[in-house]
Each structure stands twice: as C-alpha cells, then as structure tokens.
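Order as written gives the chain letters A, B, C and D; numbering starts at 1 within each chain.
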Amino acid sequence: MKKRILLLSALALGLSTLSFAQAPTTIKKGLKITLLPKNINNPYNVIETQGGLDAAKEIGAVAKVVGPSDAGASSQVSYINTAIAQRQDALVLAANDANALLPYLNRAKQAGVKIVTMDSDTAVSGRTLFINQANSEGIGRAQVQLLGKLVGYKGDIAVLSATPNATNQNTWIKWMQEELKLPRYKDMKLVKIAYGNDDDQKSFTEMQGLIQAYPNLKGVISPTTVGISAGARYLSTSPSKGKVALTGLGTPNQMRAFVKDGTVTAFQLWNPGDVGYLATYAAASLASGMITGKQGETFMAGKLGKYTVGKDGEVVLGPPYTFDKANIDKFDF
Amino acid sequence: MTERSVPASAPASPGWLSRLLMAREVSLVGLLLLVTLGTAVINPLFLSFGSVRDLLLNVSIIALLVVGQTLVLLMKHVDLSVSSTVGLSAFLTGSLFVANPGMPVPLALLFGLGLGAVLGSVNGLLVAYGKVPALVATLGTLYVFRGITYAVVSGGQINASNLPPSFLGFGTGSVLGVPNLVLLAVAVLIGFAFYLRSYRGGREYYAVGSNSEAAVLAGINVTRRTMTGFVLSGAIAGLAGVLYLARFGTVDATAGAGLELQVIAAAVVGGVSINGGVGTLLGAGLGALLLGVMGSALVTLRAPGFYQQAIQGALLLAAISIDMLVSRRAAKRLQEERKS
Amino acid sequence: MNRFRSLLGGLLGWEFSLIILVGAALLIGGLLSPDFLTGSNISFLTANFSEVALMALAMTLLIIVGEIDLSVASILGLCSAVIGILFAAGVPMPLAILAAFVTGGLAGLFNGLLVTRLGLPSLAVTIGTLALYRGLAYVLLGDRAIAEFPAFYTNLGFGNVPGTLIPLPMALFAVLAILTIIVLHATPFGRSLYAIGANQIAARFAGLQVERVKLSLFVLSGLMAALASAVYTFRFASARADNASGFELSVIAAVLLGGVSIFGGRGSVVGTVAAVFLIGIINGALTILDVSNEILTIVTGLLLIGSVLVPNLLTHFRTYQQRRRIKGDSVIQ
Amino acid sequence: MTELQNMQPQTIQPLLSLSHASKSFGPVQALSDVSIDLFPGEAHALLGENGAGKSTFVKILAGVHRREGGSLTVAGKSADFHSPGEATAAGIAIIYQEPTLFPDLSVAENVLMGRQPRAGLGRIDTRAMNARVTELLRELGVALDPSRPVRGLSIADQQLVEIAKALSLNANVLIMDEPTAALTLSETDRLFRVVRALRERGAAVLFITHRLEEVFAECQRVTVMRDGTWVSTGPISDYDTDLVVKQMVGRELGDLYPRGEMTLGEVALSVRNLSQPKMFSDISFEVRRGEIVALAGLVGAGRSEVARAIFGIDPRSGGEVRIGDAVIQPNSTRAAMSAGLGLVPEDRRQQGLVMDLSIERNANLAILNRLTGGLLMNRKAEAENAQNWTSKLQLKAHRLSDPVSSLSGGNQQKVVLAKWLSTNPSVLIVDEPTRGVDVGAKAEVHKTLAELAASGLAVLMISSDLPEVLGMADRILVMREGQLVGELSRAEANEEAVMYLATGQRAWAKQAGAA
C-alpha cells in the first residue's frame, strides 16, 4: 500500500516535470534541497555547504545540511535514503565513494530526486550533474608546475593525500603523474604517495615520516586542506623548514601563518563556498525543469553568472587560484 | 619442630618478584635496542636528533595515557573512553584559548586535568557504585563523550593560528633539548611508577586487581579505590588532551579517536595483564615506546604504507604471545622451586 | 505450569523491555515524522544494519562463552578485499565468494588457536588481529576500490525479497537468527555454551570440550564476518580495504545492550536481535528527523550503559525496599 | 589446659561478647538472636551444619555484614563494625575457609597489606617488611621466601600465610573458619601448636570445623547452632560426639560409615605404570566392580593429579588406563566418559558445578547429547533425568530450576553425584567427596557410595579424612611424593599404618599420641 503511494507520488513528480517540458525560465520557489557533504565536521565542507545554504536563501528554497561525522564509504547511504523518504526535490552531495552510493542514488533518481555531485564525483550514472571545482587535469598539472618552480625542477618529491579511496584526490594524483612524465621534470622523482586520511594527526605524522624516510626529499604536494595544514605545521617547527617545499590545496585562513613565516611559499585553491553555491543553483535549475543535464545547456548561477553543462554533465567552476604572501590577506575563508 | 626444620638462611634469596619483573623489562629494553639499532644501521637518519625528538613527542601522549590506563588495568578494569576524553579536553581547552587568548598555560593544564577528572568520575561512578562492568561502562562513555564533542564542535575546528603563541611555544619548546611535552609525560610516569611501587595506596591497586574480595577483607575500600583509579585515568587523559592540542595545534571533533586501542596495546606489550594485579609502569612506558619505535622504524625503512598496519598487528600479537610463554614458564619455575 | 511461569519470567526480563522499546521507538518515530513509518523507509533502515546484525549473532555466542572478537570488522574488510581482488583478476564470482568464506574461516581459526592453544586473552588477541586483518586488506587492495560487480550480485545485496519490501540481507538474517536461537536454546551445543561461559573449569570436568567449542565459535565468527562482507560488498557495490571499519564496537554494543553478560554465561539471541533493531530504528528515526548524527552516538552510549545500570539499580532498590519492609515489621512486633 | 577448664569463665571479662544478633538477606533470615562470649585463653568451637549460619556469624564479627539488632562488645568497649578494616583494628583476625590472598603479590605484602612498614616520605620499607614477615614465618616454623609471589603456593602454605597475617595483627581474637579442611595431619598439627601458643598469650580462638575429633582434642568450650539460631553453649566436658551431632542435626543420625559386606566383580579400572614428570610416576593399581578403593596420602602427594590424568583432564606422559576392556587414550575425557568413567572432583565450587546454572542443568551437563530427540534437546527427558537422580539421592531443594548456588554444600555434592550417576558409569572416582560437607550430609554421601558399590560400581575414593578412609574403603592405596608406596587391606589398616606410609616417618605416631 505504502509502496503504491510512493510509486504514485514518483509518477506524479515525473508527470509534473513532463508538463513543464517547455523549459520554464525561472527557478521554482520552496524547493526542498538536501546538502550532503562528505563529513559534517570537516571545516572545508562547512564552508562549502554554507555556500549552498546562501544560494538556497537567494532562490527561496528550503535547504538543509545533513551528513555523517566520519568520511566512511557507506555512511552517506542512510542520508540518501532519508532524502528519498522525505521526498526532497534535489540532493547535492560530495561523494565519499565513487561506486558505493550508486544503487542508492539510482533509487533516489527513480523517486524523482535530482542528484548533483560537487567536489568529489560518483560514476556518471549516479548523478545528473557534477560541479567540478576546477578541471581535474588542470588542478593536477598546475600543482606539479608550481612545485617544479619551487624546487628548481630537481630532487625527490612526495604526495601527501587524503584517504586512499578519495576519488578527487586520486584523479588529481593521476594527472600529476602525467605531468611528471614531461621532459622538464626528468630530474624530479615522485618517491611516495602517503595517506593522511584527512585526519590531522595522521597527516602530521605521515609528513614527519616522509621527511625521515627520504633524506633527499625536496618537495611535497598535499592536495587536501587537512593534509597541507598539518604538513605545514610539522614543517614550521622542524629543522627541514625552508629546505622542503610544501604546496597543495589549502584554505587561506589555515595557511596564513605558514605563508607569513616562510614555511610555505605558495598554494592553490578555489573558493569552496562557490562550489556549494553553484551546485545548489544547478540542482534548483534541474528541479525546476529549466535544464535536464544535457551537454551544452546553460543556466544562471546568481552572483557567479552563467555556466554551461559540459561533457558527461560536468560543470567546471573555474581555474584554481594561487595564494602567496602578496595576496593572502585579501581572503578570509 | 622435628619434621621440618627451618634453615636459617632460607629467605635470603633476593626478591623473586622483582627479579622476575626485571627480566621482563630487560627483555623489553633489549627488543627496543634491537629495533632501534637495526633500523639505524639501515638508515642512520633514524637516530638523528630531529628524528628522535619527533619519536619521543609522538610517544609522549600515548605514554601519558598508558599511565592512567595501567592504574585501571591493574584493578582488572579497563578504560576505553580515554580517547574521547582526550578529544573533548583538547577541543574545549582550545575553545577556552580562543575565548581568552591571555590564559596562562598552567591554567590550561589545570583545566584539562579538571575536565578529565569529571569525565573520569562518570566512569568511576558507573563502575564502582553502579557495578557496571568497566568494558561496558567505558564503551558507553566512549560514545557519549565523543557525541558530546561532536555536538560542541559541530563542524568547527581549532587552528594553530587561533592559539596564543605562548601556548604553541609551550608545545614546541624544550628544556636542554628535551621537549616540554616529553618532560611532562616522563615526570607523570615516574611519579606514578614510584607511587605504585612504594606507597601503600599504590599497592592497593595491585591488591584490588589481584583479588578484590581479599582486598575488602584486608580493609581496603575497594569502591573508593576503583573510583580514584578512574578519576585519575580521566584526569590524565584530560591532561593528555591539552598536550594533544599543544602538539598538533589543529583539533577537530575526531581528535584522539582510536587512541584507546593503541594505549591498551602499549600497556599489554609492556607486561600489564588485562587480568589485573600484574605489571609495572616502567614496563608499560617501555611498551608505549616500543610500539612508537616500531611504527616509526617501519616508516623510516620505507615499508610500503599499506603494509604498516599489518606489520604492527603482527608485532603486537608476537609480543603478547611471547610474553605469555615467558610468564608461564616463570610461573612453572616458581611452583617447582617450592616443591623441591 | 512451572515452565510456563519460567517462560513468562524470562519474557518479562530484559528482552521483553527491549521489544517494548523497539515498539515505542517505531511509534514515536511515526508520530514525529510522516515519512518514517513508510514501508520503503523501514525497508531502507533495516537493510542498513544487516551486516552488524549478522556479525552480532556469532558475537552473542562468543560472548556467552566468555570470549570476545574485536576483529570482526577487520575480517569483513579483509574478505571484502579478497572478493574484490579475485573478481578483478577474472575469477568467477561464486569462487571469489567461496574464497572470502575460506579467508574468514581461517582468520577466525587463527584467533581461536591463539586463544585456545596459547591461552591468550581474546581481548588482547583480537585487538592485535583487528590491526593485522585490516592491514592485510590494505596489503591486498591498497587504495583501490573494486566496483562494477555483475548486477545479479549487487541486486542480492541491494534488492528486496521479490514481491515484498523485505531486504534480501534481512531475510538472510532472519533465517540465521532463527537458526541461532534454536542452536543456542535447544541443542546440546547451546546448553554447553552457557556452562562453559559460567564456569569453564567445571564444564571441562563435565567432559565438555571447552577448547574445541571456543575454537568453533571463533571460526563461526570469522565465517559470519565473511558472510557480512559479501552482503556489504554487494550492497555498496564496492570492495575496499576500509569497508566497515569501526563496526566492531557497534556489534559489541548491540550484543551487550541485548543483555548478554560480558563475563559470559548469560544472554540470549532474542535480546541481541531486539537490541540490533532498537539501535537501527532509533538511528533511522533520528536521521529522518534531521537530528544530527552526534545525538545518535550519545543515545547508543547511554543505552549501552543503561542496559546494565538499570537492572543493577532495580535490584539494589528492591533489596533496599525489602530491608525497609523487614525493619518495619520488626518495629511493629 | 585443665586449669582453664576449671576456671569460672564468668568471673573474668570476655574479650568479645556478641549478644542477640540477627541478620537477614532479603526475605531469608540467616541468623536470629545469636549470642556468644569469647574469653581470654580459650579455644571455642562453633559447630553446626552447613547453612546453620556460622559463616554469616563470622562475617558479622569480621565487619563484612552489618548485624541487625543486639550488641557487640570488644575488650569491654561497645563496638559496631562498618568495614573489615574496623574489625581488624579492634584486634579481630579471621582465617577464612578459602584463603583470601593476592596471588600476584609477594608473601610479605600479603601478610602486611595496608600495614606495610614505612620509611621516609611514607615510602614502603621493603627490607623491613620482608624482615618482619621472615620473623613471623619463623615463629610458625616455615621456610618461605617472603618476597616470592603467593601464586604457586600450596593450599597449606597459603593457609600459613593467612595465619602469619593474623599473627602480625597481634590479634587477641582469632576466628578460624574450617582451617584444617585442606590440611594434612602434620600441617594440622603444626597449626594447633600455633593456636596453643596464641592462647597461652591470652588470645581467644573461635574454631569452626566439621572434624569433631579436633574439637574434643583442642577446644575448651562449644557453641552449637542450628538453622540460624543458637542451640547450646557449654564446656567441652558436657558434650560427647553423639550429643553434638544430635544438637547440630536436630535428630538421631544413622551410622556414619555404613560399609557392609561386599562382593567383588571383575576388574573395572586398571592403571598400569601411569607417569607424568614432576607429578607422579609408575602408578599401577586395579579397582574391581563392587569395591571401594581409597587413595590416601598427604595433600600434594599427587593423588588428585593421578585421578585427573586417568580422567583425561590432565596429560600423562606414559602408562596405560583401561576401563573394562577399553584402553583409554590420554587427554580425552570424552573417551574416558564413554567407556564408563566419572569423576567427582575435589573442588566442588570451581570444578564440580557451574554455580550460576540451575540444579537441572548441572545434573544433566555430562549427558547433554543423550537427552535429545533428533538434534534438539528433549525438555521432557531433561526434566525426567534430573528429577530421577535428585530424588534417588534425596536432594533437598525447592525447585530444580533454582540455581545450584542456593543449595547447601552437602546438597551441592549430591548434584555433582547426580550428574555422574546419570552417565551410568562403571567406575566412579570421588575426590574428597565430603570436604566441607556437614555431618548429616556426610552420612548420606557415604550411604550413597556404599549402595553404589553394592550395586556393582567400582569406586576410587581420594580422601584426606582418615576416619572416612578407614570407615569406607575395602582397600587403601597410599601415595607419597608421587609414588604409590603401599597397599593396606581393610583388616590391616589403621591410622598409624596409613600415616606411616604417607609420611615415611614413624615420628608421626608419637606426635599424634602426644596430641
């Protein structure tokens, strides 16, 4: 009986989207949107979802942030199920695992929930749109380029990543390895990929281990905000400060002290708030029937302007920004 | 007095018990030297000043927690909640600094001790007065204290940049090349080791764990002793939380999670019996150091990252198995000694 | 008559209270959220704790004989890695699953041998193998995640019993739970478990094969973890080394909440099953009410403590009252 | 000794005087309106069956339980103990039936726990502590290293550590709860010498024992209790064995050793050259159907070890065990049981019973596999088996579903017997079958054993109770230091002969005569 009700409502939702097939031009009011970050305790995720909440306020949607307190592969599942049970219009999530969530996301899709991933993608079949903070290839290559400059294109380098399974990290690392194949990096050698599990203490000790184990280490890339700040904190008090270059992805507030004391010369990031903001606009546009997720469709994202849906439903926020001593004080997030 | 005459010199043989325990600690030191020197031969950097300093800093927090855990283990109880206490104490101390950047460091340490003591007294009340088995009670408070931390933190984070320089200086500072944190941990360890060995109160921990009914009959207030043990374990964990904050600077809601098993492992490797009544703090401290050295050696020897956990688990199993075999042989010898 | 009374007495005990609590949780959840008591939501939320439930069955028996297995979640991870790596290497799925069972059985056997042959305390042994087995999972699989399992198998993990809303893993659990109840409460083997748990020396003097029984239960625990690994792997279509990490405490919490004495010799499967459902339903209700995750952590902890504390206090109160009454009587005399 | 008996106790002040004390546990009235006076220099026996309230009585004096009503005077001062520490401080030392020691701590710490001598800054002075305890142990005539752990000591040695503890307290009231139950004769003798020395110093000793011969040899006054109430108190000269037993039991008792004529059957148990290094060696003997063979010797002579090796609980390095025609493999209790062997172990609470389980579950524990219908337990068969054997053995119990811990010692022993008799054994080994069992139940256990033998069971009985050995056995095998040193027929056996074989010394006979 209940199942039938659910089916009916799903059908009704489907019908309602059909009836607006002529692509309405405004976002519907009162949309119900769930924002599901990787981990509600991660400050990066907090900034990201705050951007989403800001966007929701602008468009008159009812949005909420829910999520697990650990970044385990399966801990997001119950929140997806809840979104289905609560008949949300759209779900915006940063996936902890590219595959583990697929069946549940598909179930949500069938129930009429629009799925937008941000930051860390699932397989293409699991979502309609993916908001990429920056082009993965660009991020990976740019970080190697930056580090190459810092170490003079010579010496051992290492990567301090998040969890071994993090989709985004692994994609970037893949592109870093591609970039390193270019002839100008022939004197740079990637000796180790360490995993700090996005855990501050673990990242800290991993950094320490890298420096201990590889005496010729010249540079470290940490493409995660937790890793780079923990790594910088270790470096700032260790004799290797100034001898080992550290770069990667970090937030200005976390890194300010280390840039100023010379531990870190430069690092990169996009504005995480913008990621959530854009994702929420994209989700609302989908739920209002303004777009369907096909390549080439365009939508407006408030203060960020107009965006175009790329291949495989990917929307790129923009290139990463490089922070250094000269510009860091202009940012507060 | 005809059938069993007493040889006048019979009890002159020097301390059976202490000899046995010495053997235990000697073997730990031996193993420690073996691992350290072995690693150093392959990679001399292992014994460099910076590397040793980092190692000691890493071990100091575990070593501190082992002190409290040993008190509880000696009484045949266990305190799983220490990791959550560390987390809550680290975060709340950090928040206190954010609110009052001028707070002096000793006050922060006192705050950690006090908060830990309060949390420890919850465990103590449950175990000593509520008669809840320690494993159940502290597994429960492991969840509860961590949940409170999540609720208080709610996605926030304490960053090194929010902490006053005086406190960070305390965390990174050293006296004669020995880091402050290490000094503090060693001082607590030695103090309690002395107390456990040479004071009536300290001996009561052994008595309670060895035979709690007999302890009651010997006039020991077992309930109060149990309570004290848990309060001390909590207080030490609270202090460790402050040191955690000083060491790592950045603290979020998951700070310290999972430490409890490492701490118990260190104590067990160090010869503290989970059946109560057996073990010394010297051994437990050495156990913590040994595990730390092994972990660090694996990194230095460039053991593949994915192998490290497996190797650590295997080493822990080997340590407790060898310990069991050695102590069993010693017990047998004791029995035979008496017979012959 | 006598037996009826003892049956009633048993039912009015802790298990009965738990069943009442399960009902109350369902009712309150339903009153507070219209989305809670829908068939599909209940279906989701029961599927969500099927692995914990499966492992809790074997753990109940193990704790009744006075032992414990902290390594179950790691065995699950290891078996999941085995399934993944073999499948990725082209081994047919049935063989890969068989290999997982062999792995789980061997892992349990190793635990059991260390406990029964060397006489080591199981708490210490399984803390060690907790690290060892998880480590081996990482050795096998590293940072890889094996996905893309055949739909037939993922449907086994994800689907419902045809024509119902009962998740397949739950149906499996129901069958095994009934089997376990029969084994524990109505076979010579089950009878012997209580005797061993309450006094293993006396059990040995009665000719019971204490070591062999314990060994078999450790193996059973490993096999159950292997079964749970298959469920987990297919339910999330993802074989990863970190699968289900941290589940051991949930399993033990459920068993202890179910009224099994940590000292052995006392407890029932019914209690464990009720406790598993209670935790799962409270979890589901809190999620659908958008109550944050941390409250659940606190509730689990409080339930666990309460499960022992409340009966203790009741006994205390009862004897206190009796004493008062007796004193009152003597005054009257 | 005789002087004291002639004194009028009332003219001197009692060291301890408890009057009109009661105690209840929930609805159970364990003690009601009991009074006792202990005078300096007297050994006072407290007698009663198990469950008569003796242990509760002791625990009130020890400060473990709070008394309800009545008054307590110690050395003329009114006292009210809230904890064992307070009783100790008032000069009351208790030696419990089962040693209450810390196995992991040294002998010296066990003796002086909480009262360790201290040096500067409150530190424990280990050297002074060891010296003090060495001195105490020397007074007792034992050579024990005070710094060795208690773990690994024999029960007798542990008992001595307990006594050293009491000595160290300079207690003037010493309460001993069945101190001799686990001791050999020479150890018992040593204990009584110590007690005499204490009395001469003016201490009062309260004895609780089931061995009436000790009471008549050592005590000056007697108090008898029954069902938690006081029955009588008086000088020992007013009592004889029959009167004491009658007052304890509340009825006339049959023969304590009802061993009638026997008819020997074929060999049921045959042991050849059984050996286990450092435990026993080259043990050979046979037990026939219908025969009760006693295995006598001092505690620690290896008797229980032999029994456990035969049963397969403990390993054996060599030798052969046959039950009937079947050769029993080592380390297999299962094989021994299926060949028809049963073992009633020496420690009832630890080895014999699962105290938390019900009477029924305990009685059925050895034959679980036989009480099934198909794969599942047959509830009816379970109930029938337990009912059958417990009623045959005249078990006094409320319900068979009650935990076995609610029974008295004698009835508990009947449950152990029921468990083994349900296996329908051809050979039964009973290890200390009446230790800690009161006189009434003891007679019933003996009667049961005699009946079983008469019905063709072969019984191997290990006992440290010499009258029991002499009264029950058809043949007596004596072990000393792991060897079988002699065999006595019923006709040639007497206490002196057994003890000569057990100790290897004639000196014992003289001492026993002197005592």
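The rule is simple: a residue touches a chain if its C-beta (ideal position, glycine included) is under 8 Å from a C-beta of that chain, and two chains touch if they have at least 3 such contacts.
Just so it is clear, the model here is predicted, and its values are computed rather than measured.
Student: Report which of B-C and A-C is connected by more C-beta pairs in contact.
Tutor: B-C
Student: Would you kindly tell me how far, in whole Å, the mean C-alpha position of chain C lies from that of chain B?
Tutor: 30
Student: So, what's the distance in Å between the C-alpha centres of chain C and chain A?
Tutor: Taking the mean C-alpha position of each chain, the two centres sit 36 Å apart.
Student: Measuring from the mean C-alpha position of chain C to the mean C-alpha position of chain D, what distance in angstrom results?
Tutor: Centres of chain C and chain D (C-alpha means) sit 43 Å apart.
Student: What is the distance, in whole Å, between the centres of chain A and chain D, each centre taken as the mean of its C-alpha atoms?
Tutor: Distance between chain centres, rounded to whole Å: 74 Å.
Student: Quick one: which residues in chain C touch 2 or more of the other chains?
Tutor: 138, 142-143, 241, 292-294, 297, in rising order.
Student: Listing for chain A: what residues touch at least two other chains?
Tutor: If we look for residues of chain A contacting two or more partner chains, we find 40, 69-70, 164, 195.
Student: For chain B, jot down the residues that touch at least 2 other chains.
Tutor: Touching at least two other chains: 150, 154, 306.
Student: Which chains are in touch, pair by pair?
Tutor: A-B, A-C, B-C, B-D, C-D
Student: Give every residue of chain B touching chain A within the complex, in rising order.
Tutor: Interface residues on the chain B side: 43, 45-46, 50-51, 54, 58, 150, 153-157, 159-161, 172, 244, 248-256, 296, 299-302, 305-306.
Student: Write out the stretch or stretches of chain A touching chain B in their complex.
Tutor: 40-43, 45-46, 69-70, 164, 192-195, 199-201, 204-205, 208-209, 212-215, 229-230, 233, 237-240, 253-254, 256-257
Student: Once bound in the complex, which stretches of chain C touch chain D?
Tutor: Touch residues, chain C against chain D: 2-3, 6, 182, 186-188, 190-192, 194-195, 198-199, 201-209, 265-266, 319, 322-323, 326-327, 330.
Student: Can you check the complex and tell me which residues of chain A touch chain C?
Tutor: Against chain C, chain A makes touches at 1-3, 5-6, 40, 64, 66-70, 72-74, 77-79, 81-82, 84-87, 97-103, 123, 163-165, 170, 195.
Student: Touching residues of chain B toward chain C in the complex: what are they?
Tutor: These residues of chain B touch chain C: 126, 130-133, 135-137, 139-151, 154, 261, 264-265, 268, 274-275, 306-314, 316-317, 320-321, 324-325, 328.
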